[in-house]
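Read from first to last, the chains carry the letters A, B, C and D; within each, the first residue is number 1.
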Amino acid sequence: MIHVVIAGARGRMGSEAVKAIENAQDMKVVAVYDYKYDGQHLHNGEVREDGQGIPIYTNFEQLAQETTPQVLVDLTVPQTVYRNMELAIEHGIRPVVGTSGLTNEEVDQLTTLAAAHEIGGIIAPNFSIGAVLMMKFSQMAARYIDDIEIIEMHHDQKVDAPSGTATKTVDMINEVRTSKQQGHPDETESMSGARGAEVNGMHIHSVRLPGLVAHQQVLFGGEGELLTLRHDSFNRGSFMPGVLMAVREVLAQKSLVYGLENIIE
Amino acid sequence: MIHVVIAGARGRMGSEAVKAIENAQDMKVVAVYDYKYDGQHLHNGEVREDGQGIPIYTNFEQLAQETTPQVLVDLTVPQTVYRNMELAIEHGIRPVVGTSGLTNEEVDQLTTLAAAHEIGGIIAPNFSIGAVLMMKFSQMAARYIDDIEIIEMHHDQKVDAPSGTATKTVDMINEVRTSKQQGHPDETESMSGARGAEVNGMHIHSVRLPGLVAHQQVLFGGEGELLTLRHDSFNRGSFMPGVLMAVREVLAQKSLVYGLENIIE
Amino acid sequence: MIHVVIAGARGRMGSEAVKAIENAQDMKVVAVYDYKYDGQHLHNGEVREDGQGIPIYTNFEQLAQETTPQVLVDLTVPQTVYRNMELAIEHGIRPVVGTSGLTNEEVDQLTTLAAAHEIGGIIAPNFSIGAVLMMKFSQMAARYIDDIEIIEMHHDQKVDAPSGTATKTVDMINEVRTSKQQGHPDETESMSGARGAEVNGMHIHSVRLPGLVAHQQVLFGGEGELLTLRHDSFNRGSFMPGVLMAVREVLAQKSLVYGLENIIE
Amino acid sequence: MIHVVIAGARGRMGSEAVKAIENAQDMKVVAVYDYKYDGQHLHNGEVREDGQGIPIYTNFEQLAQETTPQVLVDLTVPQTVYRNMELAIEHGIRPVVGTSGLTNEEVDQLTTLAAAHEIGGIIAPNFSIGAVLMMKFSQMAARYIDDIEIIEMHHDQKVDAPSGTATKTVDMINEVRTSKQQGHPDETESMSGARGAEVNGMHIHSVRLPGLVAHQQVLFGGEGELLTLRHDSFNRGSFMPGVLMAVREVLAQKSLVYGLENIIE
């Protein structure tokens, strides 16, 4: 039974994580780390004063001593994540963190700190196992088929294009793919933008429509064939299996790992 | 049994049309109209002097008198199509023509001529029934769901983007759809071109990869749902069922019709 | 401004319908018809005694006299729908009903009653415009391409296969398609069931996986080409645009119409 | 420059392989091994007596001595492949073979022979890199998401269902996936076969339509998400990149490898 402390347990992701961990048979939530409600308890998403539920602490020192958790699941905001990870590592608690807000410098510092304490940890900007597999497979396929286009599709309330997942996929592919102009050398657009955005010769297309949730396909075209890797995310529940997997895997990690794709074999 | 004369019978499309018509049980090729080989015959794609096969004529007057065809299937080049259609209509032969090269003015003149002779005809820039259905359904759907994006995908030897089929689809949708900005009002592109080309608020994306042939999907997004109309063309054989359908339908037409979508109910 | 009375307003579909109608600019909810809470009001989904909100009636006679609605939107259960429709028609109120539970005999009786009162109405087993378009287009396409297979995909908590939408699609296609054996005449299955269910030669495949919501694609295969009509339903919000469309269209109907596909042109 | 001998060079696959190897810059065809035409030459697909082209040998001993090839590419029939591989291995020539016709016993014997001669080789039942990646990724994904269905789609002249690729994919998944009932425990079929074939709880669906070529998608459903791995094969040209890759990779192999997926990292 893995003992877990959760930070951000009253938030949307956090409250789902509490439920998911409580439903798993090999782990339990032993404490909630919060900035208020010290001494009270969290029960079915509500803060209670009658002692029923999971104890809430605002002092990490005290939390660590009284509940001795092995893993910290942090689903708070970028501003507090860094300090929380520091505290966890210093107390020998392995951090599992879902944020893309840490700077490269901060990740480096935390990596050094984890190494000093000989402890593993996982920072996962994306907890969806399906999305992580899509990205990892895209990188693998790019070694063999280097004509690639990405189509990502999201609801029409999304402001930025392309999506973070598409950008991350491009970055991962670029680690193994040499820059190469795709398409016909004399290609022209009779309507500007038709061929999409372009990075090192790869093209990226962003579709925005009401009704859509979050979808991406990566297309690899070779002579006479097409390989398509597609991920559809229908709701936030898709993150929970990744959180549980990270909690299990972090016990075996010997250093701070960035990206769920690096613990998938 | 419908009697057909073919112009362009020695070309790639034309030779396939001869085969397709000969294999159909309700029609036959009675003559070939050509600019050379007068008096010779076409047999299994070869010009023969021994009288075996379909008779070749370079004189339309003589052809019409001796073989009395009901329908002219013209699969030649834009330059000759106009004159061929004129000749056919003047001789009471209904033209079925597969070209997108006629000007609007020429189409108007031929329409007037056909009306004067009280005869029907069909000009079909696209003989693929599947593609025509996709376009027709797109127009119909646009009356009910007006958030629309088009993704067309072709082999990487195609020079222009977007494709002619995509442009035609946009035109047909625009006949029924009021211009409307789609996506988030404050939408931004962190990579230029990501959101594709834009016409009246609709977005069009052109994918080019080796291996692909000719594919298009039209996406309609509504609250909580997505309707996708997709056509895949794998080879040119896809045009022949449309040619046969047009030969049959032209007998019932009372005027010159432009576009196969207008004889589909 | 179309005046609407809603039956079933406290249910899941009904409460969404109240919201959707209140948000539309050309219609408003003037009354709620219920079996209890007479004289009270419905406000933001709550029954109130302070007179704020939409008035609730348990007596249809009184409701009709005091609020004079033009349209009844009934989102109750099959057992009460018949009587509610009768009452509405007798009071000159046009019914818009979303249920698949009425028998053919009941539909016939209501059709006769509506004709006697010279009033239109709409019974829609499926209010999703996207799904209805998919089915209607499938029927239209089947006139031209008669090699057809259906793949429907739903979450793994669905007990029955194939889905009601797939069955309805097959029925609509069968109205225009002659029975025809598809596939190779000597086709064999090395694993039983691989080729799916079969109706008049068409094949139907039911996929069940966690994560999926409700999806269907209808595939039409012709020489060298494939036409795919696909509908994805991501959540129940997809029904509301259909409800609003039916409320608007029912005013122009002159008889009782069964199926939203029959008011789509 | 890798020196290659080809067996089966006059066949459909073989003649394409000759062209592909001649077009590659890092390899050339130094000899053709055949059962007739000894001493003549193969030039642009034609057997010539004037000494122009690639020399044809019917005696492997002589071929090996005079042309000293490093790799044998065998695209003949299952009956001759075994003996050809034996000859190649005994002469220190690494075999690259595209056949699924060898028995397990024969593969074992050839593996032993290759080990004795300290030489590598590759037997590839499928040379399509895209198809092999789809199968390999399916196996990898099955470790993390074990609710899986396969939809394979082929032209309607295919007699057997499911396809060999689908069967192979199932086998590879079964190596890592524990048997598990999928779908609702009380699931019923109102039309027999709707849920497809079933192996260890996984479901397989075979679509057959005119127009289709060879397509497969493997669907992985998790909470709130779907991962789809899809391969489309449009024509036989898709095998050549795999042949070239195998010729390059076989030089680094230290034993006989069965399946292209085992040389992909």
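Definition applied: contacts are C-beta pairs under 8 Å (C-beta built on N, C-alpha and C of every residue); 3 or more make two chains touch, one makes a residue touch a chain.
Being a predicted model, the structure only gives us computed values, none of them experimental.
Asker: Starting from the defined contact criterion, work out which chains touch chain A and chain B both, please.
Answerer: C, D
Asker: B-C or C-D: which has the larger count of contacting C-beta pairs?
Answerer: C-D
Asker: Just grab the chain with the largest centre-to-centre distance to chain D, centres being mean Cα coordinates.
Answerer: So the chain farthest away from chain D turns out to be C.
Asker: Where the centres are mean C-alpha positions, what is the separation of chain A from chain C, in Å?
Answerer: A distance of 39 Å separates the two centres.
Asker: State, to the nearest whole Å, the distance from the C-alpha centre of chain B to the C-alpha centre of chain C.
Answerer: 37
Asker: Can you work out the whole-Å distance between the CA centroids of chain C and chain D?
Answerer: 49
Asker: Provide the list of chain A residues touching at least two other chains, using ranges where the numbers run on.
Answerer: In chain A, residues 211-212, 220, 222-226, 232, 234, 238 touch at least two other chains, as defined above.
Asker: Under the definition above, what is the set of chain A residues touching chain D in their complex?
Answerer: Contact set of chain A toward chain D: 128-131, 133-134, 137, 140-141, 143-145, 220, 222-241, 245, 264-265.
Asker: In the complex of these two chains, what residues of chain C are touching chain D?
Answerer: It is residues 147-149, 151, 153, 156-162, 167, 182-184, 186-199, 203-212, 219-226 of chain C that touch chain D.
Asker: For the complex, which residues does chain D have touching chain B?
Answerer: Those in contact with chain B are residues 211-213, 232, 234, 238.
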